[in-house]
Amino acid sequence: MTIGLTPLTVSTLLSRVRSEPPLVQCLTNTVVTNFTANVLLALGAAPAMTDIPGEAGPFARLASGVLINLGTPHAEQRTAMLEAANAANDAGTPWVLDPVAVGSLPVRTALAAELLELRPTAIRANASEIMALAGLGAGGRGVDATDNAEDALPAATLLAQKYGSIVAISGPTDVITDGTSTLRISNGDALLTRVTGGGCALGAVTAAFLAVADGGGTDSRGRLEAAAAATAVYTLTAELAAAQTAGPGSFVPAFLDSLADLTDQDIAAKLVAA
Amino acid sequence: MTIGLTPLTVSTLLSRVRSEPPLVQCLTNTVVTNFTANVLLALGAAPAMTDIPGEAGPFARLASGVLINLGTPHAEQRTAMLEAANAANDAGTPWVLDPVAVGSLPVRTALAAELLELRPTAIRANASEIMALAGLGAGGRGVDATDNAEDALPAATLLAQKYGSIVAISGPTDVITDGTSTLRISNGDALLTRVTGGGCALGAVTAAFLAVADGGGTDSRGRLEAAAAATAVYTLTAELAAAQTAGPGSFVPAFLDSLADLTDQDIAAKLVAA
Amino acid sequence: MTIGLTPLTVSTLLSRVRSEPPLVQCLTNTVVTNFTANVLLALGAAPAMTDIPGEAGPFARLASGVLINLGTPHAEQRTAMLEAANAANDAGTPWVLDPVAVGSLPVRTALAAELLELRPTAIRANASEIMALAGLGAGGRGVDATDNAEDALPAATLLAQKYGSIVAISGPTDVITDGTSTLRISNGDALLTRVTGGGCALGAVTAAFLAVADGGGTDSRGRLEAAAAATAVYTLTAELAAAQTAGPGSFVPAFLDSLADLTDQDIAAKLVAA
């Protein structure tokens, strides 16, 4: 019953992001804030990094989408994250959990468990993190994925079914599931793993796409396609950027330029989805 | 009685920044620290991001200028900001307030009100923020300006007269006033709004120029011209950079290169000031 | 008895970094986290910015090397730094102290003194900071070095002998000593000082090289050569990058590209070491 992601769906959702544009609140780690904001701006979305207690909640009510990334979860930010997730649920704002390095580190692992109970709209992570989150794996070595995306599909399915979340597993082939249907995107370039925040910024892009999902986010197929379209746009852009760059340094500006320039023709010509 | 900003004034002040160079202390948001420091270095100034309690005050006494930007005002930073502003006043160090997203978010709005009472040397913001700060508007949607710079001139004039501050309103035409005289700069490029920190870093550049203002900062015309010259250098650089770039990603390195290279000839040929 | 650093030693250690690769934990300032992580990735190492109490210690036991950089030492990070240094010592993980702006600022100066007693594997700083750390100088003006690297050699020797640390002093000629033998590297480019984090990221690279030092870090000559090789790779890369760039903005991506591409031939052709 699974029907793959079409270029038309990706183009339609990208066009919505560019025309609205969604306001994406990011509570993210100190390493990638700049890159994440610039990725959202290049995409055509509006970033806001409102992550302090007392503001994170009110902002999540106004935002179009929220990213909660556990990369460097300082105490104030942990409070703000719970505040934002609760407010997002209350206001119907879609939110994405990126459980960076969960499993091996105690503070973020406890926080991830707490956030999971708040039922994130989507979870984006690498295979090791998804398996750790589902209690099925031992966790990765820091931010490295030591497991294959496909290997984490049982864990992802379990998470999706238990928490009602879309689960997106990053890897050479990205696997995105709602617990019933599964989409796969085989775009991307290894240079994306040679740049910090390569995965983290995809979490923010996913929040932007969820904000414009079919069915206003209440429809599981709409949310699945939105998360997959985010991954498609992001990894397609990486391919286009890698084709014009000499290394990880020049890849970053080329990635942002390519994201701002991505066309329906690029999507139709390059998308490898199933 | 208003006389516009001349290329000679801009060149003279830029030359002073490059030869001193001023030490600019930045208490700024986590998203733009890196870009802001690199902008100051490309300009020829010396950045220092000293923003913890117990150090922010002592450093503000030694610094040539201080930027206080409210983008992500964590608790420790809020304490440090008040400490820095008080010490700056005490030592005669010029300081710039950038009230990011003030109006709609409670923590920074309360802090901005408190900082305002300390009479910032200059305030740099977009039109929505200036109007919110003056209590005349409802505030913007996060960091987006939803109002026109010229529309915020009454609010800016009120702030300038009440607090003795230079007020610089960013927009396609930048409007800078001391409450009596007003200067306008019509340089710049839309790419500056597609890069995070495009406005924030101008606050730091403004602090660098105030440090070399005519009259040692005690003269209102000297401060007005310094703030306007900062805006002119910054927006002229954006124009030069945009002419050689393919998108928001390549714009950032081109902007820094162009800032380091900006010549008196560029200023004479390109400045659009009134 | 001092024998200079050879290209073969540099190439051998670089090759080890690229093949292992070491996991480098960075507790560093908010300005340079992104650049530091990207430098480590371009080098071929694996960065992790785990810097919160409760996680910093456990992570330092697993990490291959740790960087503790005092650029913006917020309260939680200070706790995490002590936790990481103690755990690193306990587990035999090499760690690098970068005492940014020590001497003139009270909070970090007290912390640096405390960390020094924990006997860092290496200390990397500019001449002013080394002299301040040794109690021999007045400290610099923020992050600027106002003293010559060679002038700081007595202070570095004192620190090396007292704390058993390798001390690396950055400057046009970098001076690296274990308190008995001293190595000097005369590569590099002034553009490295026009980019924020130019020195800070070298601290992280030093941690990566110490993780692959001859003698597993227990041998003083092995550690000295590892720290010097880190400096050599870093400053050689700066030279190669500067040759292809127009200014400080384009220098950053070129630096990362050149670091990822650095060859044994480049090292043999360009290394200026004694």
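Order of writing sets the chain letters: A, B and C. Residues in each chain are counted from 1.
What we mean here is this: a contact is a pair of C-beta atoms (placed from the backbone, for glycine too) under 8 Å apart; a residue touches a chain by one contact, two chains touch by 3 or more.
Each chain and its UniProt protein: A, B, C = Hydroxyethylthiazole kinase.
Keep in mind that this is a model prediction, so the values were computed, not measured.
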Once chain A is disregarded, what remains connected by touching is one piece
Cα-superposition angle relating the copies chain B and chain A, to nearest 5°: 120
At the interface of chain A with chain C, does the proportion of residue numbers present on both copies reach over half, so same, or stay under half, so different? different
Quick one: chain A and chain C, Cα centre-to-centre, how many Å? 34
Shared interface positions of chain A, touching two or more other chains: 30, 34, 74, 252-253
Of chain C, residues touching chain A in the complex: 23, 30, 33-34, 37-38, 41-42, 46-52, 54-55, 58-59, 62, 76, 252-261
Where on chain A is chain C touching in the complex? 29-32, 34-35, 71-75, 101, 104-108, 141-144, 194-197, 245-250, 252-253
